[in-house]
Amino acid sequence: MKLSWKPFVLSLAVLLILFPFAYLVLLSLASDWRFPDLFPSYIGLKNWSKILSSETGLLTSFASSLLISLSVAIVSTVSGFLISRAVFYHPKKNTLTLLAYFPYILAPVVFAACLSFFFLKMGLFGNVMGVIIAQFIIAFPYALLFFSSFWNKKVKSYEDLVATLGGNRWQTYIKVLFPLAKGLLLICFFQTFLISWFEYGLTSIIGIGKVQTLTIKVFLFIKEANYYYGALSCCLLIFPPIVLLYFNKRYVFKKLA
Amino acid sequence: MYKLINIPIVIIACVLCLSCGEENTSNNEDLKKAAWKEITEAANGTTVNFMMWQGSPAINAYINNYVTPTVKEKYNIDLQISGGQGPEIVQLVMGEKQANIKSGQVDMVWINGETFFQLRKVNGLWGPFVKQLPNAVYINMNDSFINTDFQQPVKGMEAPWSLNQFAIVYDSIKIENPPKNIPELSNYLEQHRGTFTISNDFTGMTFLKSLLAELGGSPNSLDGPFDEATYQTLSQKLWDYINAHKKYFWKEGQTFPKEQSKMGQLYANGELLLIYGFSEGGIEEKVLSGLYPKSTRGYAWENGTIKNSNYLGVLHNAPQKAGAMQVINFLLSPEAQLKKADVNGMNSNTVLDINSLPSEWQEKFKKVAKRKYGPEMSALEKNAIAEPAPEYMIRLYDDFRKYVIEK
Amino acid sequence: MFLEIQNIVKNFGQEQVVKNLSFSLDAKKTLSILGKSGCGKTTMLKTIGGLLSPDSGSIRLNGEDITHKKPEKRNIVYLYQEDLLFPHLNAFENIAFGLRLKNIPKSIITDRVNHMLKSLELENQSQKMPNQLSGGQRQRVSFGRAIITNPSLLLLDEPFGSLDAGTRHRMQGLFKNLSKEFEISSLFVTHDLKEAVLMGDEIGFMQAGNLKVYTDKNEFIADPETGVEEEIKFWGALAGLEKNVDLKKH
Amino acid sequence: MKNRTNNFIISLFIAIGVIPFAAAFVYALLYSFGIIGIANDGFTTAFWSAVWSSGTFFQSFLYSFSIALVSITLSVGGALWATLKFRKQLEQKFLSFILYLPLAVPGIVTGFFTFQLFSKSGFFSRIGYQMGWISQPSQFPDLVNDVFAFGIVLSFVTMIMPFFLLLFLNVYKNERVEELSVLAQALGANAKQVTQRIFLPILIKKTWVIIVLYFIFLLGAYEVPLILGQESPQMLSVLIIQEIKQYDLDRISEGYVIAVMYTLIVSVAAILLFLPRRKPAYET
């Protein structure tokens, strides 16, 4: 008797979590859906086919988002891993960690607004390279701090062991450190990918509308009052992370939960 | 250790120096005197960056599916579009000036009065260049709605692209007699509570200017340079009026939509019954795309709504000035303007003086299909007023926030 | 002498952890070093292994000065108390690890590793992952991994510290045999008195950063500092007591 | 040799992790005093006193602070409750995957979605109409762009509650709260005492740094309040960007004043949060 309400609440929670996904898909298939209709008068692939065929630029946006996010994720994961080693073995590691937290907790959009002058100056304004670098600057502290717990005594012992067994630096990384950190590297890659994939404010400032990632498109459609295209681009925005999550789930589960 | 820490700083400094070293290759002054043939040659094979407002699918379709391929084919110009309007353009220009960048990100921009005013203030525009454009002969430069932008003479620093008038939009099924003046608006507000609002953006402020002119007593009450005393008296009346009726506004006037498109959404789903907008309300396209109900209609305010042009300008540090001129000239061609007037497309009024066109084009323009839902500009023109000086707009922004929103 | 340590000093900040360390070791011999935790023995081993650099002094191995050589070039293997098996490699690959670093042909590696597995009595465990092995098995793999690279010197830091008494006893025997078979020179650090006596050809005692090496076991037993005498007294007294109890019963 | 590479890497860290932040801060600081900026003509404290006297910043800060506090409290509270009640069920494969799904939804989508559901003509309003509760959209309560920031809080909670739930489940397992609870019960504690003396203290103590960190993130959130916020007061990031990108060129510096104040506040928070700790507090 006491347990009977739990399954009910749980099912409700599952429904609540799944509902947005279903609703967004429905909205992306709809057209001409106004108050007070509970269901759209049109459901079909009209919006999707239009997006895929004409020059709304959604496919290009998808591609450039993918390019930007993959670059940011790869570069920040690798550099975060390599640099965090020096930082967390450093005698002043507490101070260095604190320094890394400043850019980490500052709102990216404010950061970008104050940095934009330098990006302009370096010719990194309004191009993909600039957006990658700007996103890297905010993803890097995350990656760096992410690996802080990895560089413990035990890992240091492994490194020493490999050295006394005759391994050089390169072999230490390839044969031991990367395999040891594999799960963490994957999660960090996933997380930094998401940081980049979801970034709007910073991208809109550094990209000045010339770099149109998916999030920029979503906002554009919201501004246009075009819910249907907005929902469609939301779908494009959500589903790659879900796919990644699904394939990554083994590692993510092990490490996160 | 300290030496090593300096290395990245040195690298950054080097990159800084290198990237600032790019010099603008085209000679600016010569271009202003050059013959069109030379400009055409210089424009061939260039990539032109066009920063424009991308908030409408119809406009985007016109640019992406018609203009871009045509200029590529005709002039071998790659047209790149980036999204950005008023403040973004000004910010970019100011930033580039501050960073002393000789070769900018953007060549041409789509602007109107207020941005024009700001860009002139920071010397952000290049020109005059309009007279050199061959298609400029079809534009009636004596029309005050064309040669004056927010009370400022254009003087060839920007080329007019479209003419349009501000219109009030309503649903003719739900509202039988929409208000045409301030007293009628009061009645409307009391009868249809929560169905009207003022967007805190360019569009909303333009509506306020119409009200300000009406409070001033005549369609011409705001003409001429900015007058502080006039503004003070009239704006005080305006805020008093709005605050007195605030409780009948959407959400009881506790908040206001950020932009016109939001207002459009609220109208589309029936929360608002009375809105307004440029381009004669932007009704046709929204009805055709299924966003607005088919019973949507538009009209002008009795004391007049703003009629103005919007313009195309070339930035002072545009790397491809000749290319930008070529594209602008194309956008002013009868062909491009006719396409732009298509009711199923961008549906915007031409700036060309139809009577000065060759007769074949005159015929084509006369055959353009009429709108099915929105009003024609010719029907509103008798209630048109000119844009007041830009300071009115800037002050209204500040004070609307100060005296209405934050109150 | 095979290994010669002269006047090694190592400080951490203000604290002198190793004080003027000097000793030497013959080839193929084991020096066992008794010391409580915190006496500086780990620092000493890490300095010899090249994982820490000494503040002063010199280390000579086989006639060559290796004081400033990188650890990977010294051919000295340092073994931790923990087995530190690579969790991503199975037993076979863990043992083969050092050989793989040196680009030795595959067939030779397979032969040598299989031979080593046999010596370690681990023939049937070669494909198991570290987490499937018992504590003693893991420690044996760890030994095999170190010995197979044929190091000039093996440094053992409490290698059996985490094992239960029985396993520990078997491992001590195994290590003795391996030392003989593979002609290993080693420093064996332990805090266990019995183990120190059992494992070493020579015995040293380390206290507060100072190492004293005894010429023979009797001298070691005679030194009151080492605590051997006390131990003997304890057991002796206990034995006497038991005798008394026995007598009373009868 | 080894030291030199290490120093090089550390300087690389400074170049990527420290210099941009410092540069951005100095730039904003100079701008706020009118020292740089096209429309400015030299040092002045006018912008600072203008911001100080208008009170917009403090209003906005208070507003952001309250929203972040309410959202965090609800999320953490909800997640704790769910951990307490549903721990066993949530360890099932299917449910644990479902729990991860919300992590794949960015703020911009959550904001968009919340608007679609809760606006006056949104999904719930339509249900209300079909049920006959309301006859026109304006009768539906104000839930987005509203005074009490209901929409923003709702979005925040749906975004971070799943995260905290996962975090607590994780800590519960790692800190062996289960075993400790059994032990406490053996020592005579009742269910309520176990919750109050074992469950809550361990979970909160292990995660409070992350909780504060998320609070600071919410303080600077941008996309969600941009979509769901009202025009005044606004959340900090929205206010800063609006001031920096405004039409009145003479007042841009005021935006940088607010940016500097905001940066100072979060930096002080970071120092308080991370300096006294010996170990880096970061996990997940």
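Worth pointing out:
We just call them A, B, C and D in the order they show up, numbering each chain from 1.
Convention: a residue touches a chain if its C-beta (ideal position, glycine included) is under 8 Å from a C-beta of that chain, and two chains touch if they have at least 3 such contacts.
A quick map from chain label to UniProt name: A, D = ABC transporter permease subunit; B = ABC transporter substrate-binding protein; C = ABC transporter domain-containing protein.
Just so you know, these numbers come straight off a predicted model, no measurement behind them.
Using CA-based centroids throughout, the chain positioned farthest away from subunit A is C. Here the two chains linked by the largest count of contacting C-beta pairs are A-D.
Inter-chain spacing, taken between the CA centroids of subunit A and subunit B, is 36 Å.
A separation of 17 Å divides the Cα centre of subunit A from that of subunit D. Centroids of subunit C and subunit D (each the mean of its C-alpha atoms) stand 53 Å apart. If you average the Cα atoms of subunit A and of subunit C, the two centres end up 48 Å apart. In subunit B, the residues touching two or more other chains are 12, 88, 98, 269-271.
Residues of subunit A found to touch two or more other chains are 34-36, 117, 222, 227.
For subunit C, no residue reaches two or more other chains under the stated contact definition. Pairwise chain contacts present here: A-B, A-C, A-D, B-D [touch as defined].
Listing the residues of subunit A that touch subunit B in their complex gives 31-32, 34-36, 54-57, 116-117, 120-123, 125-126, 208-210, 212, 216, 220, 222-227, 229. Subunit B contributes residues 12, 15-16, 19-20, 22, 49, 51, 54-57, 60-61, 64-65, 80, 82-84, 88, 92, 95-96, 98-99, 101, 105-106, 259, 261-262, 264-265, 268-271, 290-291, 293 to its touches with subunit A in the complex.
Of all residues in subunit C, only 46, 49-51, 70-78, 80, 82, 84, 86-88, 97-98, 100-102, 145-146, 149, 155 touch subunit A in the complex they form.
Those residues of subunit A that touch subunit C in the complex are listed here as 154, 157-158, 160-168, 171, 175-176, 179-180, 182. Interface residues of subunit B facing subunit D in the complex, by the touch rule stated above, are 1, 4-9, 11-12, 86-88, 90-91, 94, 97-98, 114, 118, 121-122, 193-195, 200, 250-251, 254-258, 266, 269-271, 393-394, 397-398, 401, 405-406.
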